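Each of the next two complexes has chain A plus one more chain, namely chain B in the first and chain C in the second.
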Partner chain A sequence: MITYALMFAIACFTLALLFNLYRVVHAPGVTDRLLALDTMVINTIALLVLFGIAENTAIFFEASVLFAMVGFVSTVAYAKFILRGDIIE
Partner chain B sequence: MSPALIAALPFLGSLLPALLIRTGRSHAAISAGVISGLALLGLLLNAPAILRGEVITARFDWLPWLGLNANFMIDGLGLLFASLILGIGLLIILYARFYLSKDDPVGQFYTYLLLFQGAMVGIVLSDNILLLLIFWELTSLSSFLLIGYWKHLPEGRQGARMALTVTGLGGLSMIAGMLILGNIAGSYDISAILQSKEAIQASPYYLPALILILGGAFTKSAQFPFHFWLPHAMAAPTPVSAYLHSATMVKAGLFLMARLWPVLSGTPEWFYIVATTGLVTMLVGAKIAIFKDDLKALLAFSTVSHLGLITFLLGLGTEAGAVAAVFHIINHATFKAALFMSAGIVDHETHTRDIKRLGGLRHLMPVTFTIATVAALSMAGIPLLNGFLSKEMMLEEASHTLWAGNGWIVPALAAIAALFSATYSFRYIAHAFLGPVRDDYPHKPHDPGFGMWAAPAFLVVLVVAIGIMPMTFAGPILEAAANAVVGGGLHMHPVKLWHGFTPALWMSVFAVVGGLVVLGQHRRLEALWLATPRPEAKAVFDALVGACVRGATRFTSALHNGSMARYLLIFVLAALAAGIWAWTTGEQGPPTRAMLPITPVAAAAWVTLLVATGCVVAYHRNRLLALVLISIVGLIVSLSFVYLSAPDLALTQISVEVVTAVLMLLALNFLPKITQPETRLIKRRFDALVAVAGGLGTGLLIYALMVRDFAFPTMSEYHLANSYKLGGGTNVVNVILVDFRGYDTFGEVIVLGIAALVIFALTEALLTGASSRKLIAWRPDVARAGDKHPLMLLVATRVMMPIALMMAVFIFLRGHNLPGGGFIAGLVAAIALVMQYMASGFAWTQARQKVYYHVLIALGVLAAGITGIGALFNGLPFLTSDFGYFRIPPFEKFELATAMGFDLGVFLGVVGSVMLALGGLSRLARRAAVGDEGFHVVAEKPEAREMAGHVPREVGLAGAMLRRQRKDGSEEGI
Partner chain C sequence: MELFWEIVISALMVIGGVFGLVGSYGLVKLPDPMTRLHAPTKATTVGVGSVLIASMLYFAVFRDDLSLHELMITLFLFLTAPITAHFIAKANMHRDWKAEDLPRPQGDGQWAIYEIDSDTSAEELDEAEEAES
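Let's turn to the complex of A and B:
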């Protein structure tokens, strides 16, 4: 049962990744692109966790923790750049 | 004392004067004196054994597979030269203490002097020609520093450059010659080379080796036509001239000829090249010296002439010639150093060295007059002084030398040179000291204090002592040195004052009488000299150098025009051509590995990667968009690293992506947001074609490699097999970084630190001067909105900080066995800090940053270095790691490896470098935002913060902003 659930979940997140890609390439403004990029990081984290469950290893989990911890920093930097131009004020 | 230690002492002690100068000039001088004195003492302790005919050696293998060994030896020749270098060095240290003024950086002077002394002693005590070459180049470099010591004088800088160019080129030629010589002899050890005379002289490479080696010796010893650099080097302070250009450095070339005399001399080639050059130099130098008005220039050309004399004697290839050469080396060093010092005293007291403005000093400076007169008479060759003895020996040798079968040309030229020599010596006395006292000296002269004339007086005492009783004072060392020059078995005739009415005596009489006569006609001859055109060496040299520079610049700019696109084009085309060539001429076996299944996720990631990359190309003119797209590429690459079982790389990649994004955004703030096309369409089409071909070629190559097994066993197999056994870690990547390739990592940490410091220095330079005005005038090109420091972000990042740092510690600690390590941990910690800068602002964070990033970098390099050196104490090579297992009761067994100390160094280095670079860049924006008022408080350096006295130090910039905001009555601030 868990195998099917994993397959379904992985398929969903993979599809989401591609949708995100579409949004990055085709978007009304930079803000949308950035949101798509941030969502992409989240989808990647999900994929990593799912892989970890499928392969039954903890290494993927640690990688995903690090992704979660530092991944948002670039989004913050982009956001600050758009708002203020200068990211370290 | 071991010869190696004698040579090392001046180097080891060279920093002392530079440090002690803070406690006074005398302390700096004393420390330099103590170092030289110790080395001299160590040398003299060996003297009795050497005078008995022993050779003291010290041997260390350095790079044995290159034949480069740190072998030292002291024989008679080495003893003579080393005692000249150290002994006169001591006198110079004393003299310079009183000669240099308060405004001169005296500490630096003694440091340079000791460096030079060490290099010189190294040359004369080396028993390996490669080692000798290293010291040889060191003398060129350290003498460059000494000649250019008065940096504010253009003549000093130009003279130093000229000396370095000429002697440096000579050094290059000598390296080639030495390599040939070592190749013929089969060893680079001098003692071994000296045993293979027959093999060397029979070799077809004898002549090229000889010419190349002589190229080095002649340039160093200022032989015609390379003599022109020596007078220009006289722009140096007089102690330097007295030391380098009379007693030591210029004698290095002579030393080399004497050292290799047993194997190189005795052939017609040697005689015609060396003796002829020496004779011509002796004549030309002496002639020019007569007409020089600058006291030091006169002495410089006389030195050229005397160096020619010694070269001539060595070139004769006879035992008696060698003895005379060695004797004249001793004599010339004593009287010429004394003369230079006396010229320095005159310059120091009268403020001029122009002989035309001097005269009559005999009454005003009686002590200096006595010293200068005795030394100059010795140079002229007057009996009872040591110069007479060696000049007699030279004339005696010259009187029976045949040149191409001609029996009179050599004696005649030698006698004329001796005559010129007597002329300029008499002129030095007569025109500077004799004659009536004048009343128009630039400065009222009087004798200097004892400290200044003590050194030349001591030398003059030697001049007289050796002149009267040569065998008592110089006999033993002369015999030992000459014996070493001729390679043993010397039968030396004692040096005597009186030989009877020999031809040499008549030539001497002719020279002295003729010298007086010529001096009497000086005024008329000078008019003639000034009327005749002659090549000006400096102009010729400058024109030559200028032409070389122009040629090199043209060549470089044609090849290297600063366009990255062009370099990449050439690089990619070359790689493509090499690939096509290999593909068409080589052969490849059938594929041996099966493809892995392509999962849908992998396919999706692949599509994402391709689309993102394609979009980067399509949208690269919009810089922000391009940056976003590159982030996608980085993300997918990190994902694939995890997928392809390289978690270390994935962790590194994702952290680097974040830091890169922050760095790029900091820079993008000041850059145009849109790139304008700069090239024509056709060029862009062509570039696109090359890029596609390069990419496809690389992809195909990798594909071809991955579907086949490697032809040879790979490095990684060794690493996989030995990582736990030898490095004590199961994470192979980390063990490679900190252990197997620890040297590389060590170097990389240093390079990273240097790069960060350079970024800091560059931005520091932008913060002042014209560029700072530009920064202040700069207005952001995008509209600003929102809070500077949004509250949500602020709270989130402050909460995140300890968690992120703990994560860094965790990654660091387990790095040796599981994915992680100092590099990733450093990046994570740096990101945690960057978050604070972004959320809470530069000033707020900086004010709470107690350890400066410079210090972090230094600590990192130190920690890595000390860990590496620790291995040396266990008798293991640098950076060998050790590990063991420990157990503290409530916990499980854990491992401690010394590699952890190294990894800590990497961690600190990375944190410091990343933060320093980012901080440096963000300061530019601070400068633009804050303007002049209160800016200095954000400076990185603690002193700069202290200097900002009128702004309360604790609050810094934040305080300044707070005050401004309170004036508006708006926000509360942070």
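Let's turn to the complex of A and C:
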């Protein structure tokens, strides 16, 4: 049963990534692009964790922790750049 | 007992997948930027949260090694999601809205994003230098 649930969840998140990719390419404004990239990072973290379950290894947790941190910092830096025209004033 | 945990883990995975899909679909579907902000920042954190809890339960029950890494990721995401949402909303206000279009906030001031001297400006820096010399 877990195998089917796993496949379903992986399919869902892959489709979600495709939606995000569409939004990154066809964005009405730059903030939409930023939001889509942020969502992409979150979906990728979920995919990494699910892949870790599928491969039966715990090695992907570190990767997802790093991904979460880098995604947060880059989103805030980009938003700050849009807001002030500079990242560190 | 194994069957019970299998059902719980499968349910969490399915819930997570559906929430992630709905969040990203909302990003494509919703009409304007501020409502688009609502879909992914809420739904995908719930989705990722339940996937991470499913992973934690799976490794605790079937592999006999309980690790709290997933809780750390969940906590980190729950803490940072409102901050990024706030920043994106501010950037949105800065780019697409004018102060006249919005209701005034309580008190005397304007929205902080439209206050020119809300942060340290060049003039203030000059004044500080003059005061020092």
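Here, the second predicted complex is superposed on the first by the 89 of 89 C-alpha atoms of A that agree within 3 Å, B and C clash if a C-alpha of one lies under 4 Å from a C-alpha of the other, contacts with A are read in each partner's own complex, and residues count from 1 in each chain.
Everything that follows uses one rule, which is that contacts are C-beta pairs under 8 Å (C-beta built on N, C-alpha and C of every residue); 3 or more make two chains touch, one makes a residue touch a chain.
If you're wondering where the values come from, they're calculated on a predicted model, not measured in any experiment.
Contacts of A:V49 after superposition: chain C is touched, whereas chain B is not reached.
In the superposition on chain A, A:M69 makes contact with both chain B and chain C. Residue contacts after overlaying the shared chain place A:L83 against chain B and chain C alike. By the document's definition of touching, of the two partners only chain C reaches A:L6; chain B does not. By the touch criterion stated above, A:I59 is placed in contact with chain B alone, chain C being left untouched.
Of the two partner chains placed around the shared chain by superposition, chain C is the only one that A:R23 touches, whereas chain B remains out of contact.
The contact surfaces that chain B and chain C form on chain A in the two complexes overlap at residues 10-11, 15, 17, 30, 34, 62, 65, 69, 76, 80, 82-84, 89. Interface residues of chain B, counted against chain A in their complex, comprise 600-601, 604-605, 607-608, 611-612, 615, 624-625, 628-629, 631-632, 635, 638-639, 642-643, 647, 650-651, 654-655, 657-658, 661-662, 665-666, 668-669, 780-782, 784-786, 788-789, 793, 800, 803-804, 807, 811, 818-819, 828, 831, 834-835, 837-839, 841-842, 918, 922, 925, 929. Residues of chain C that touch chain A in their complex: 6-7, 9-11, 13-14, 16-18, 20-21, 23-25, 27-28, 33, 36-37, 40-41, 44-45, 47-48, 51-52, 54-55, 58-59, 63, 65, 67, 69-70, 72-73, 76-77, 80, 83-84, 87-88, 90-92, 94-96, 113, 119-120. Interface residues of chain A facing chain B in the complex, by the touch rule stated above, are 10-11, 14-15, 17-18, 21, 24-25, 30, 33-34, 37, 40-41, 44, 47-48, 51, 59-60, 62-63, 65-67, 69-71, 73-74, 76-78, 80-89. Residue ranges of chain A in contact with chain C, taken from their complex: 1-2, 4-6, 8-13, 15-17, 19-20, 22-23, 28-32, 34-36, 38-39, 42-43, 45-46, 49-50, 52-53, 56, 58, 61-62, 64-65, 68-69, 72, 75-76, 79-80, 82-84, 89.
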